[in-house]
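Letters A, B, C and D mark the chains as written, and numbering starts fresh at 1 in each.
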Amino acid sequence: MADPMKIRAKLEGDLLDVRVLMAHPMETGQRKDGAGNLVPAHFIQTITAQLNGKLVFQADTSQAISRNPVFGFKVKGAKAGDKLSITWTDNKGDKRTDEVVVGAG
Amino acid sequence: MKRFTPLLLAVALAPWMIAPPAGADDPRTDAVTALKRDFRPRGITTLDLLVEDGVQAVCNRSDDKPPKAVAQRLEQDQLAGIEWPADGKFVGDWKSGERIAQNGRGMTWSDPAGAPGGGSCYNCHRIGPQETSFGTVGPSLFQFGKIRGYGPDMQRYVYGKIYNAKAYSLCTQMPRFGHVGALTEQQIKDLVALLLDPASPVNR
Amino acid sequence: MTEPFRRTALKRTGALAAAAMAAGLARPGEALADWNKGAFESKTVADALKHLKIAAPADTKDIVIRAPDIAENGAVVPIEIQSNIPGTKSMVVLIEKNPFPYAANFDFAQGAALPFVALRVKMGETSNIRVVVATVDGKFLTAVKEVKVTIGGCGG
Amino acid sequence: MTRALALCAVAAFAAAIPALQAAAQSKPPVERDATTEEFEKFREVLEADNPAELFEVKGAELWKTPRGPKNASLAACDLGLGPGVVKGAYVQLPRYFADAGKVMDAERRIVYCMVTLQGFDEAALAKAPFSTETRTPDPVALTTFVAGQSRGMKIAPPQTEPQERAAYALGREIFFYRAGSYDFACASCHGEDGRRIRTQQLPNLTRADGAIRGYQGWPGYRMTGGVMHTLQWRLNDCFRQERFPEPQYLSDSLTALLTYLAVNAKGQVYKGPGIKR
């Protein structure tokens, strides 16, 4: 199973500054391993973020995103106690969802 | 083996230092003992590499500042060990020289035996104007020929310097690329060309 | 048809699509589009834009791309993109000299997310990073930022 | 050309050398270059969100989970401040441990605990001690966790025991010892201010402000390969580039060098696991 994400959500007024770290190899499919074999492509393709169940941000991504991806985005109209959940899905169908409760700014 | 050039080390050192004591109180002796105990040969690297040769010993014992007389004596010795090109030509192909200057491989435990490595030149020197990723451990070599001239003495000097930098400045940080077999005669000629061919981007 | 990111596949259905519609990321009758394989597998910027149905985006100064002039390591190039264009609906990020230039698309729910994103990308060589913004009224605007990728370290 | 002739030629040439040398030996002035400044601007961005945190989390999990043949956690591991005390331990290492009769750096001590408390086999751990694209060894994640628990604290390795002072002296000696095919010592690259290899700044590790730059950022998330590495790896790869044979994982020589580095960085603030080129 995929390792948990690390989500930081900082509230400034009603603006939520979100940073998320994801543990993922983001293999391009072009890298060779120590034995000289091509490592198959393995990368996150979609990311969605929901605030209290409502979709606010989403991304489609390629293998050009760096290994162990880091994303940042800004959500409007948030308040302390809101639930922010982020989900990624990769090209092998693996999926991971993590959730944080927004703390007071 | 080439790298252990026979040196009259004791003679050279006699005027300014006595042989290091063999007792356990000598920190350098302790260090060498520790290194030999803690290191393992791997790939092309052997434990021999942990043992100082004459030049290294003098530099290690003088904080890289040997007395002038000792330095000169040993520089001459290093100079005498340079194998100059049999055809008397020093200048090869600058394009190949640029590739060799860019290449930082060679002589590590992850490098294959026998394969020609690079000169790691850009690691320490500014050379061609197009390469912005260059080190500053050594002096800039940009416009080397343009500034210093292209003549036969300069060609010979550059060849010798790359072959064995210690022949010109005993405790310089620059490796002895020809002396230890890290670069071939042709590779050194190509590097000379990079610095001294008027057509090389270094001089244009 | 003014919908800029209408894509042919309609696979992403169910709760997510419903949520997307509710958020204004997709309109009724149009499911949130699938990962655009054709665009992601394009080897040129022109092909990728064709797959994304983006035609002749106009240059703008209203997209601010913050990225290093020289990257310390091409494997991790930090980029921040801020659009000052009203009605910014999505952003496409292309790394022009990468083997597959199209790197990512970001969609922002109107009124719920600022048109801002931070990401980190791999760059094989010195290249322009091109961003194309699509607006809710179907306009495309673009800006570029060059990032130099150099050799670092001992190279051994 | 015969040797005798060669020597004659050399003798004739030698007279011309000083002038030539003078022409070629001027080093560039030490200055803040634009490339370095550009790197530093974005270093803040990179450090603000560092994937190293993912490995800290992993290490924290490993620390408290009963594991190994003895099915024990590391809760009883003494990192120098008493059993189970992790906070502040990393910046007070390397130090002498009477139970082991050795000076130990953080990773060495962690492995010692894994062996003595959990029953892991040290030889097995030493077989593949460094991270690859597909595998992060447990001691690496654990060291990252332990290091993270000293974030914002001052480097303060003790030098009270004679063994600790001996380790410093040995480390210093190794640091300046030139050998190998390229005549390099650690000091060849790290004994002077303001120099670079390619675009990479070389900290002068003989001074506090430089030594902290060497200590800082390790354990580090390395952008090349996207893997987590500790100082044990850093020194291993330094010796590879130094054209030396390979130092044994967790050996006295490496602990000695780390002692030299830590003591030189004494009093500087440790920022926690970092991100490296």
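Annotations
The rule is simple: a contact is a pair of C-beta atoms (placed from the backbone, for glycine too) under 8 Å apart; a residue touches a chain by one contact, two chains touch by 3 or more.
Since we're looking at a predicted model, the values are computed, not measured.
Should one ask which of A-D and B-D has more C-beta pairs in contact, the pair is B-D. Separating the centre of chain A from that of chain D, both taken as means of CA atoms, is a distance of 32 Å.
For the pair chain B and chain D, the distance between mean C-alpha positions equals 26 Å.
With centres set at the average Cα position, the gap from chain A to chain B is 50 Å. Each of residues 19, 66-67, 70, 72 in chain A touches at least two other chains. Along chain B, residues 108, 110, 122-123, 132-133 each make contact with two or more other chains. Looking at chain D, residues 35, 49, 197-200, 223, 225-226, 240-241 sit in touch with two or more other chains. Under the stated contact rule, the graph of chain-to-chain touches falls outside the line, ring, star and complete shapes. Inter-chain contacts, as defined above, occur between A-C, A-D, B-C, B-D, C-D. Against chain C, the residues of chain D that register as touching in their complex are 35, 38-39, 41-43, 45-46, 49, 197-200, 223-226, 240-241, 277. Contact residues on chain D toward chain A in their complex (touch as defined above): 48-51, 53-54, 57-58, 132-134, 221, 223, 225-226. On chain B, the positions that touch chain C within their shared complex are 102-106, 108, 110-111, 118, 120, 122-123, 132-133. Contact residues on chain A toward chain D in their complex (touch as defined above): 3-4, 6, 8, 19, 21, 23, 25-26, 31, 33-34, 39, 66-68, 70, 72. Remark: chain C residues 68-73, 75-76, 78, 80, 118, 150-156 touch chain D in the complex.
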